[in-house]
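Here you go, one structure.
Chains: A, B, C and D, in written order; residue numbering restarts at 1 for each.
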Amino acid sequence: MTDKAYALFEEQQQARGMDLNKIKSRLKALQIETPSWGYGDSGTRFKVFQKEGVPRDPFEKLEDAAQVHRLTGLCPSVAIHIPWDHVDDYGKLRSHAESLNLQIGAINPNLFQQEDYMLGSVTHTDPAVRRKATAHLLECVDIARATGSRDISLWFADGTNYPGQGSIRQRKHWMLEALAEMYSALSPDMRMLIEYKAFEPAFYHTDIADWGMAYNLALKLGEQAQVLVDTGHHLPGANVEHIVSYLIDEGRLGGFHFNSYKYADDDLIVGAINPYELFLIFYQILDAAESGEQRLIDAVNSIAYMIDQSHNIEQKIPAMIRSVLNVQTQYAKALLVDHREVAEAQQRGDVLGAEDAVRRAFEFDVTPLLHAVREEQGLPVDPMRAYLDDSYGQRILVRGKGGASW
Amino acid sequence: MTDKAYALFEEQQQARGMDLNKIKSRLKALQIETPSWGYGDSGTRFKVFQKEGVPRDPFEKLEDAAQVHRLTGLCPSVAIHIPWDHVDDYGKLRSHAESLNLQIGAINPNLFQQEDYMLGSVTHTDPAVRRKATAHLLECVDIARATGSRDISLWFADGTNYPGQGSIRQRKHWMLEALAEMYSALSPDMRMLIEYKAFEPAFYHTDIADWGMAYNLALKLGEQAQVLVDTGHHLPGANVEHIVSYLIDEGRLGGFHFNSYKYADDDLIVGAINPYELFLIFYQILDAAESGEQRLIDAVNSIAYMIDQSHNIEQKIPAMIRSVLNVQTQYAKALLVDHREVAEAQQRGDVLGAEDAVRRAFEFDVTPLLHAVREEQGLPVDPMRAYLDDSYGQRILVRGKGGASW
Amino acid sequence: MTDKAYALFEEQQQARGMDLNKIKSRLKALQIETPSWGYGDSGTRFKVFQKEGVPRDPFEKLEDAAQVHRLTGLCPSVAIHIPWDHVDDYGKLRSHAESLNLQIGAINPNLFQQEDYMLGSVTHTDPAVRRKATAHLLECVDIARATGSRDISLWFADGTNYPGQGSIRQRKHWMLEALAEMYSALSPDMRMLIEYKAFEPAFYHTDIADWGMAYNLALKLGEQAQVLVDTGHHLPGANVEHIVSYLIDEGRLGGFHFNSYKYADDDLIVGAINPYELFLIFYQILDAAESGEQRLIDAVNSIAYMIDQSHNIEQKIPAMIRSVLNVQTQYAKALLVDHREVAEAQQRGDVLGAEDAVRRAFEFDVTPLLHAVREEQGLPVDPMRAYLDDSYGQRILVRGKGGASW
Amino acid sequence: MTDKAYALFEEQQQARGMDLNKIKSRLKALQIETPSWGYGDSGTRFKVFQKEGVPRDPFEKLEDAAQVHRLTGLCPSVAIHIPWDHVDDYGKLRSHAESLNLQIGAINPNLFQQEDYMLGSVTHTDPAVRRKATAHLLECVDIARATGSRDISLWFADGTNYPGQGSIRQRKHWMLEALAEMYSALSPDMRMLIEYKAFEPAFYHTDIADWGMAYNLALKLGEQAQVLVDTGHHLPGANVEHIVSYLIDEGRLGGFHFNSYKYADDDLIVGAINPYELFLIFYQILDAAESGEQRLIDAVNSIAYMIDQSHNIEQKIPAMIRSVLNVQTQYAKALLVDHREVAEAQQRGDVLGAEDAVRRAFEFDVTPLLHAVREEQGLPVDPMRAYLDDSYGQRILVRGKGGASW
């Protein structure tokens, strides 16, 4: 049935003028970074449920991540969080990764879990706290050098809970000050990815609250500073794909933290709540890639796709497999958009025709295509099935409960 | 200046026909229950910051609560949370409360912090888990009897994170089943207060998601079942005072969990983000109280006012004092609405006149009135100042860090 | 290719144990009512753009609606709005409908476009205005009798823009009073569908603001009163499918007004913004239909599916065709859910398995199935293509601009 | 009582170290521009209710505006909308304004009410439509020269309703292109104020959707381009005062369109729904003004305060009086913040103290202060009362119904 299904799919798409070789090669080139913390326990403020078998240290996290890559072929790198993944010898961590066919990906500083940071880290009124926080940023640049990482991802919990609690303006300057110091420590091939978030854990104002604030910091810092879009970090109703398209056009979209949300920063499995939005994000990205303009093609090529989720109730490794498969699925669908058809409908003011040209690509079942690609890559056609049939999940139970959590 | 200020206030209000004796006596009758957990550490999923001096057990929590009541005269009862406030001898806890001039208030079962409850408590697919959860509800009824509490406040974290994860319909029936069993265990003078919440920690669907679902359960259970409105448990934009007015009219408003929110269930100090909304809630309550209809007056009289906040970065006792003072302030302002003036403007279709008649009451400075009332009650005119000048806050520092948290 | 595609689809689904005959027969039984006003001009408060060829009277609206039914086989009835569709002789309108192979569907009273209703219709302080409004409701019952309509759909714009402007409680009673009078005028086979809306055009409070208020009215009125869910009438983030499941279980889901929204009551083409939500609504409906419980099957069978959109910039007839095709598509996908597989995964607490069992059905391409069904029904396999190739759209241009608008 | 009240207020504030002369002189300097369209009929998409006595032409609108200024002393200028306020001779309109003691304020182009603009104005795919739209912008620059206006306020309805309908990226470039052409036509003393809006009337994407997009345009255009903040143009929960503080610090806050909202762009009377937010906006502005930094003081001094509301159900002139009084009231309260006290509390990490220092200013009743200021200015102490007692409102009824609307 699989062969027949692909034959039919091929016929169908070729009839539409789709170049399946190009589509397949793009699918094979897709890389999605998984986060080390996604393999550990996480939770809500009400409870962190503990699963058996979660990794007990950064090395075991990499081992779990290696399973996801082995089965999907999509995840050659792993983001780490400092100090959650602090080790004495980062060279050793890097070697461990390489032995697992992985690379260390983005370095994520943590400036929200020490008592000192209760009222801010780089935006704290106390210069000693700001210095300590900035020193941690600089340490992360060093770690990136040690691990061979290109990107340092910056998410700041900094903000206030009450009107008057802090000087919004002063904190804005302190933020820039710290980032400028860190920026000047970057190697020329490194990038600083600046994340924004509307709220939580700060409930009145967040120092970097939206893409505009992150973008403006990047503008002031220089070309190596880019914006990181976490899909769950917006106010209700935000058109995320609009922001994506905008940042690509400005040459400032550094990457994504993918996840799903229905209400706030719910951090659910990407593609599980509103898959069409994920498809539309890729549609905007591919629309830029297909534009023929080199600056846009370059912008698209430098986007880092990363997962950032909170697997509160899910089995961690299967949750990660599901996540990357969902990303792959929506990316594959977006590859089926006929951009010329869309453009022509736009040109003649055909609202329904243009909408249809986009949505139709979403309605194709790309399973046969993905199966074919996986076969060509020597991967299991159904990575989830393969994982569940494998003994790895059983073997790690010896780790017991109480492993890593964030 | 204080005397002059009150004299002027009196003159001003009497010129409007306000009955200050009645207003004062209502202010003296206001009671706001504080929650034992508001005296301990709380936080977000990212971090629980630890304060020095937080109480180490339920007895110390009561001692802190007694300070708030001593200084404000507003808080004669304290809600407890089981098992956070589990003690072997509830009679002893009650005696301790009474020795501090306090009563044990609402009993709050906890059905969200055990590993068993990861996928639901009373709505879990496993009957053994449902039984365990229901048994805890019944235990709380017994505790209420032991502590002399009238109310059991029910908040369920039960819900799902993904489409398909659970049967929405089946869970609805299991919820009713558990509550019905608990209901039948209530003494005739007890009440079951049913809380609702739009989301968090469940991010796809919450079994009791809105007032309509809580109300419908109450309808099916009987008169002793009432709805509990937590001001932060709604979707963005919800008109909370509309719900309040509605439930009073139906005779089903059991009480409030007061707090402030800007984005989601932020659990900030009540009255700190949108004080006008708090005023408008009291305006609706007093509009019912002033209606002359006995059923409405009875409904208003049975409302339990309770604080439910998360003092993540604040000093706990001062945060509680600020909270109850904010409630008192907005209640006092609402007492200055001239309901006849409003009704007349409504009657003649005078939109601006009616709006003005309500808003004007909000714009009065009620400080002189509150000072006068406190003086008459033998309380410090500025309870916050009195607390800060007192040595209690210093003395409890001997408790050290690492006390109670939720 | 079509035949091959269906053959493969059949093979695929039969391998999953799907009963394609049952699925097809359900698809053939699907009926979606289109609204007369969807064929006329509509707009935003900023501008109503005028299209050439929009119908100039109720008779022409029916003719346009007949085209949609002719091509899709899905839309045998047409909702009308009074007085927009007021005619002197409703028998004649009914005959015209029947001559076009249509029926007159739900009657929609209009209580928001006369100067008298500026501050309310059935909830106005002036008894004369309330009487006039109630009389219009009664008139609509008579029209329903004349047109052979089962349902009267009630949407009230009634509400206030400012705190204090109206008595929320009093208006609640007036609403019930008017509906009770109307209810008693219903024939035994008629239904009153009560719609709710969070906001717009009332911007402070809306008298029937959410499903709970509509449901409670229905409870008080009797079995013939049911709730109407307009998918765009909720606050941001509302879980619409939860409400749907809830109302079915209570036997009170009268029907839908389908449309899409991203921000507020955007009234876009249903299925165009978040198709997965539409699928999940049908999943809940079919989960009840498959329950084996007669009360649930009956509840599902009495749901009226209706479109209610505002085609501000779209060609009207194609917009309607697209809408009903989108509904059909998501309904077809929902028919592919294996409810037993979902239930088993739920039973064993398999979060990812249960989610997958639902989402997988959404990922199938149902085009071959829908083509097969249309062929069996003697309908064009691509109704949109058929419409665009037809001359009807050209012929109606003689109507010119300035036709019906709402 | 008034004198006593002011004496007490003075005593109270002087005890806090407030400089009442400075406060009064700031209050006297406050200027709030009213919009010509606020005197005409406006409505929702459902209905525009028609009031008797609304002005029939731009000259009468100015006459109504003159009443508001005469009574409040706050509104020396009037914004106009082209073509709603198109006249053949703008010199004559200007003279009429001057004869009424008014100036023509901001010029507001209208690019959303012609059939050509259905799919965009400056972002339309058709170059002829873009040209026409740009020509209108240039015409408005000429009108500004003729009327002596400094500011041209730009709000674009441009956007799309469906994914794929338009090229988000291409439209972004067209927007910049049109603004650049207009920018180069500005006189050196003119400003272009760029407004943003999250949604409505575009329901999928709006070309200038948030402050970041407006700011970025301003950056690219030059110093005369500034951002205009309409308080109702954000997504739910947006922290407007944060954006205000941010833009002041960047030297790019051109001005405000004030109004109130609870749900979306409700366009209600400013200060009527959440007065504390309005206060907090002024707190941020005054915090910059008090910073001692000249660039911030200059930034604050160039902010244009403008009303932009939709008086759907209100009497127009009283609604405008209420609006400007509400702005004045919250501005007066914000003037009572002791910025040094706030800063000291921030410095010592005193969350509750800092919050209290801000909120306390809000709780003062500024009525005595405003009465004193008005008396010193020779204005009626109660402008609303004065208007209602005046015969102007009666006299304009001869205009009848059916006057200006937007």
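The rule is short, and it goes like this: contacts are C-beta pairs under 8 Å (C-beta built on N, C-alpha and C of every residue); 3 or more make two chains touch, one makes a residue touch a chain.
Keep in mind that this is a model prediction, so the values were computed, not measured.
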Higher-contact pair (C-beta pairs counted), B-D versus B-C: B-C
Identified repeat of the A-C interface (over half of residue pairs identical), from B-D, A-D or A-B: B-D
Centre distance in Å when chain B and chain C are each reduced to the mean of their C-alpha atoms: 40
Chain A residues counted as touching two or more neighbouring chains: 119, 161-163, 198-199, 204, 235-237, 239, 262-263, 269, 272-273, 276, 313, 351, 355-356, 359
Contact graph of the chains (line, ring, star, complete, other): complete
In the complex with chain C, residue positions of chain B that touch it: 119, 125-126, 161-169, 172-173, 198-199, 204-205, 209-213, 215-216, 219, 234-239, 241-242, 245-246, 248-250, 276, 280, 283-284, 287-288, 291, 342-343, 345-347, 349, 351, 354-359
Interfacial residue positions of chain D with respect to chain C in the complex: 42-47, 49-50, 112-113, 115, 118-119, 157, 161-163, 198-201, 203-204, 235-236, 261-264, 266, 268-269, 272-273, 310, 312-313
For the chain D and chain B complex, residues of the former touching the latter: 1, 4-5, 8, 11-12, 15, 236-237, 239, 262-263, 269, 272-277, 313-315, 318-319, 322, 329, 351-352, 355-356, 359, 362-365, 367, 384
